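Right, I'll just put the structure down here and ask away after.
Per-chain residue numbering starts at 1, and chain names A, B, C and D are given in the order in which the chains are listed.
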Amino acid sequence: MALETGTIPGPCGRRAPGRSADCAPGPDIPRKQGGTVNNARSQSAGYTAGIEPVRESGVAAGWAPARVAADAVRPADERACAVLQVSGLSTVYPTTRGDVQAVRGVDLTLGEGDVLAIVGESGCGKSACLLSIMRLVPHPGRIVAGSIMFVGRDLMSLSAREMREVRGRDIAMVFQDPMTTLNPAFRVGDQIAESLRVHGFLPGLPASLTRRSRVRQREMVIELMRQVGIPSPETRHLEYPHQFSGGMQQRVLIATALACRPKILLADEPTTALDVTIQAQVLDLMREINETTGTAIVLVTHDLAIAAEFCREVAVMYAGQIVEQGPIDAVLEDPVHPYTRGLLRSIPRLGERKPLTPIMGEVPDLAALGPGCSFAPRCDVRRPCCDISQPELVAVDGRRLVRCHARRD
Amino acid sequence: MRALRDSPICLEGIEAIDEGRRAAPGREVRRPYDFQEAYEVRAARTRGSWGTGPLGLAVRNFLSFARQMAGNPAAVIGGVVILLYVAVAIFAPWVAPCAPDQVALSERLAPPSWIGEFPLGTDQLGRDILSRIIYGARVSILVGVLTIAISVTVGVGLGVVAGYFRGSFDRIVSRFTDLLLAFPYLIFVIGAMAVLGPGFWNLIWALSFKGWVEFYRLARAEVMSEKTREYVEAARALGRSHAAIICSEILPNVVHSILVLGTLRMGNMIVLESSLSFLGLGIPPRIPAWGSMVNDGRRYMLTAWWVATLPGLALVGLVLAINLVGEALRDVLDPRLKEG
Amino acid sequence: MRASLVRGKVSLVAGAVVALALLSMGFLSGAPLKAAGKTLTVVIDAEANRADEAEAIAADLRAIGVQADARIWEWSALKDSAVKGERQMYLTDWGSAYFDPFDLALPKLRTGDRGNYSHYSNPAFDRAVDKALTTIDPEVRRKAYYEAQSILYEDAPWIFGYYLSETEAARAEVQNWQPAMDSRINLHDVGLTRGDTIVVGMKTDKAVSLDPAMHRERDTETVLRNMFDGLVTRTWDGKVVPEIAESWTTPADNVYVFKIRKGIKFHSGEALDADDVVYSFERVLKEGAIGGRSSPRKGLLGPLEKVEKVDQYTVRFTLASPFPVFLQGLVHIQVVPKDYIQKVGDDEFARKPVGCGPFKFVGGRLDDQIVMERFDDYYGGSPDLPPMGPAKVKRAIFRMMPDPTVRIAALKAGEVQIVQQVPPDIAASLKRDKNVQVKSVEGTRVYCVELNCAKPPFNDARVRRAMNYAVNWDRILETIYGGTATHLATAFLPSGFGFNPDLKPYPYDPARAKELLKEAGYSVK
Amino acid sequence: MRRTHVQILERVLATIPIALGVAIAVFIFMRLMPGDPVDIMIGEAGGVTQEDIHALKTELGLDQSLPVQLGRYLAGLVRGDLGYSIPSSRPVAVVILEALPATMELALCSLLFALVIAVPIGVVSAVRQRSFIDRTSMAASFLGISMPAFWLGILGIIVFSLHLRWLPTSGRITYGFEPATITGLFTVDALLTGNMPALWDALKHLALPAATLGAGVAAVVARVVRSSMLEVLRADYVLFARAKGVVERAVTIRHALRNALIPTVTVVGLQVGTLLGGNMIVESIFGWPGLGRVVVDAIFSRDYPLVQAAVMVYALTFVVVNLATDVLYTYLNPKMTL
């Protein structure tokens, strides 16, 4: 399904020149602390000096050099700005009724410090897209095409062992339901420490059984927990996940994910399972992390409001494809794709008393897609050609990409 | 005993359901990666034009159910084997070459021979083993079905009431089941058979008498967790009676785990009959049952292996098939557990 | 949505299950005959070990138009039910220890006696056997028993059955080995060409006790007889010969005086004299003599009233009435050391028994293996059972191996040297094994099919006789019991006293059986 | 920790009503069974009068009314007096203590055997779902579930003892090899005393019965481990562990198996009950001198005191095993408290 990749100017191709110039986000969204972004890596650990008040020399000494050493072995990155460049990514899940095409030729580019939202209905392939990037598509699903360039390395060509080293260290992921994502059988502190241990920031077994390394693990874990805003980490790191509230669990997850200072954080509906007030706190935390460390974030959500609040750029997915992508304000204020419009119409807005209009019909069967546009059966601006050929993702008014035959050019 | 009581794990369990699984259906948390599942749910919703009447719904559901079962090769194999056994059982008089109780002492312990009169040989009374295996399907299937039916009826009946109303009824019945569980099973059955005397029905009762306990526990635990769910509260708020809620809201949601446990237990019951034969408490010798046939042949293992082994293989085949179907049922009826 | 979805599926599946159940219910009641008119309907009850025979008998009865079905019972439950008169036809067996109908035909068939499960009552029979029991003149007794047999033959209170040959087997290296009619395994006389330990695979699950006065079980006695000797013992074919006693006299019909061999030592080193003998018998006779419990073996001694020491090596037994089989009963009482028991107590004695037999107890457990070692100071045993002197093998082990297949496998593998009770089907193939010798001996147990003579239909002697004609015993015994069994004419054994060899067993005659049934008003095939 | 101790104590105290219930139930149960222990004990003796039988009954207290008998039995229990076996007149406590170690040893060894075999098979079958090894081992486990133990046992004896001559047919130890008694479990005693020949001999005797008895348990455990592993392997935290970069083996063992063991523990706990209470068939095939055989025999001979005491032992073992299961369960599953 990645056939059209070559035929249209991908978002990367289009935006790369602008990026390479200043590595700044689009002019439409000003960044608050642009200066911290570029050298976040070399600043060693810590989000800002402000929220990392006490740093025992022992902790830092063990932590930072290891980090530097790890950086040193990486290939020199010529195009440092595009930390992640996905092109033509396609993933299928074989089922008893045929292959479900969960991801169909997705192209994404993520600059350092970027925050991208992927929105769409349940089952449209957004989560599968993230898992594909991690190469963690659950069996029997598999990636059938595409490349995933991470700072110049194609993740698809890495061995299982090399890929494992990337996971958690360079690209981390946070899941939807913290309740099920934390292992119920282990103490929270151990789960955070595991991240550090597998990537060599803490000694693994049996060295970790010594008192000294236990003390060090404890200090590092408490520090991380404090950074994500968990109160009294000194005692709570010994507790089990079920003793934490949902929001705190999500903070633990984020602490775990960020333990090794990854370049990219993939967040799969991180707030869906949380109360609204907690949602805001978690989002604030993530924003803060992004701003202070320059960790790029891909946020998958079905909630446009969250995307609007949190992200600079948004990609709308439908049936495994990106149907519209662009700066968040532009997409929200002036949606081009009929699906995006439908999505926006089905969200209640404060202060408006317009009746909501849901999108009629159902998500198409991803195992039996026709030749035409996959949204055509539900589309209100459907044209005859929609049933015959797939629209391609083309640039619209310079800043956006839209996949629709009926687009305004 | 607490762990037993609180987790609805099948006793001596073939299958286990931990709390996570128990809680999950209520929370309706969809795991976005489970594409097969998303697909199935969607497919089940959109497919079919059978109308919305109850019959249409049932037929449509059954079709979808059958289609899902058909998609599971293990289930298909298991189902075909079971059908084969059932067909053989039904048509035994036409399939079997001899009468199963036709004693021919002069032909005893004839070895299997494909060209001879007795393809699978004869037993210690010269009865044709093939015919006995064929007729034995009737008895063994019946033992399994009846014991499970009784166990389910009693166990689920008490379990639903106890789990729903709790209170002193629950306490009394649960204490009683603790007591039954603490009693070693075989000792119990030996005693029960001695008290009841021999006979097919007494065997069924003796086997069922403790068999219901695990259905009771499973039903009780499931009902207790179902009861806290929103839809039950909603039904209460609508002023529906307890009986109506139990029958129309709760039972349908606990029935699938009961069904799964029932299929998986059925094999055990068929095997257990052989243990009783070993202890000299089996069913009448004229009635061919695989368990007692294996036991009869035990004395001839050194000289005539076929007497014990062939009925045993028939038994393994059926138990295997029942279990395959049972696991497929579990997978299909409980979409959370779908494999892959 | 979900609920209804599940409900739909489930109701259909459940329906299918119920349908299957209903369908299968019909199966079971398929075959049996219609109970129309006056078809004779019988239920044959048996223990599991005779299920095959019961089914074969049922098949024979079905062949003449009797609706017969066999069922399997736990023994005690069956007995209880039969004693209450609730059963019709039941396979039972009864062993005899006396080589006399005294403990066979009498308890089984005398009116109201303990073993009379068939509720048979015939005053003429009672008179005949009572006469045989109260006199000691052999000729009078024999005549009385002959008369009793004729009565039984006519009355046919049972379907008369058979007795089995006990087949035992030993490894080829075992010498001078001979199975005995009373199941005794006399290891004193047995030698080994290789090794010095002899292991016996016992058919029983466990020995009941190590105290020879505290059990009433044959297999236990089989084990204990190698550690304990009695006043008298038997040859393998049932003749009573002196053992500890040198000789005896009978000054009156009811008085026996025994001379005890001198120089006999117990394993504890004490010498055996009349005190020990008297003590041993009083232990059995007196109520509560064994640590407050009574011996269950008292009945073996019949009307024995008192045992007195005459001098250090002479003992006198006085009976309340003449008891012709007294000596046979005496075989089953073993002599125990008085001083030792009085010193250590009965419980300790049962843990560490001390006797005067050829082997002394070393260790083991009742339900596992009982280990004995040769007693070097053994006085030599009965002169009628050569050879004399200490036992030839150094060690004897009795292992409890209830499963026959396992027993035979152990024999073949050389783990055990002697096994009890070889199943007939295996005996044939075992005889071909060069490493094994198989021997049979006439058994002392009667196997039969008892009929409830107190209730219809078997209160009619014609029907009972018909049953006897209807069963093809020769075929059953030839096949199921591999020709190791012998059909009996009545309840009397040829090995027992007073057996009438001229009385021939009921022949297999289905025509005659049908005739009798018709006469009694039943329809036949 | 202190709290846990108190809770365990509470649980132990809570078993008293169950024990009492079992005691009364087994009493009634035995009295319901037809048959008279004295008559069975006397057997086929001739010349036994009803007076003799009645005298024996009086001596055994069986002539008293049932409530009196029950009261005396319960009073005896409280004093720790289990009475005397009827046919052999040996103290019941002695009979049981003699047989219990053998049964425990067999049960523990079969459990060990089952776990050693079943857990790896279950894990591998789940990880390599639908592979050849998965299907083969699952088919084998059905064989283990559905073939009666006596068939498997006799087959084992014919193959391993008769034809291959590797293992003894039956029994618990060869005479002369018995280790000094410490616990009564021969293998343990042999280890404690460093008596290697005894250990080897005991293990050889144990192999077949333990495998026969363990086969069914292994089958059940393998299936439970497999199905819980399948479920756990699909859990988010396993995916998350992978996303952390944890090595696959550690994901399987540390994250998945650890959680899959939670339901397994409960099932295994129940299996221990089955192993203890359901092994009379294996014991009788292999001539294993354990409690199962004793109790079956006692039932057949209506040996009331022995059956009553043995069932109490079973029930208490069941309760203890359950308590142990729960403690282990609590340890494995932090969400649970006792």
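Here, contacts are C-beta pairs under 8 Å (C-beta built on N, C-alpha and C of every residue); 3 or more make two chains touch, one makes a residue touch a chain.
A quick note: this is a predicted structure, and the numbers were derived from the prediction, not measured.
The central chain of the assembly on a C-alpha centroid basis is D. When the C-beta pairs in contact are tallied for A-D and for B-D, the bigger tally goes to B-D. Between chain A and chain D the centroid-to-centroid distance comes to 53 Å (mean Cα coordinates, whole Å). With centres defined as mean CA coordinates, chain B is found 47 Å away from chain A.
Centroids of chain B and chain D (each the mean of its C-alpha atoms) stand 25 Å apart.
Inter-chain centre distance (chain B to chain C, centres taken as mean C-alpha positions): 44 Å. Looking at chain D, residues 33-35, 154, 158, 234-236, 239, 262, 335 sit in touch with two or more other chains. Residue numbers of chain A whose C-beta contacts span two or more other chains: 131, 138, 176-177, 180, 184.
Counting partner chains per residue, chain C shows two or more touched chains at residues 74, 76-77, 81, 405, 409. Across the complex, chain A meets chain D through its residues 131, 134, 136, 138, 160, 164-169, 172-173, 175-177, 180-186, 194-195, 198-199, 240, 242, 253, 256-257.
If you check the complex, the residues on chain C that touch chain D are 74-77, 79-81, 94-98, 102-104, 106-107, 114-115, 197, 205-206, 208-209, 214-217, 287-288, 290-294, 296, 298-300, 302, 347, 350, 364-369, 371, 395, 397, 399-403, 405-406, 409-410, 412-413, 415.
Across the complex, chain B is touched by residues 2-14, 17-18, 20-21, 23-25, 27-28, 30-31, 45, 47-49, 51-52, 54-56, 58-59, 69-74, 76-77, 81, 404-405, 408-409, 423, 425-426, 429, 475-476, 478-480 of chain C. On chain D, the positions that touch chain A within their shared complex are 234-237, 239-248, 250, 255, 258-259, 262, 332-335.
Of all residues in chain B, only 25, 44, 57-58, 60-62, 65, 86, 89-90, 92-93, 99, 101-103, 105-106, 108-109, 124-126, 138-139, 141-142, 145-146, 149, 190, 193-195, 197-200, 231, 249, 252-253, 255-256, 259, 277, 279-287, 296, 298-304, 329, 333 touch chain C in the complex they form.
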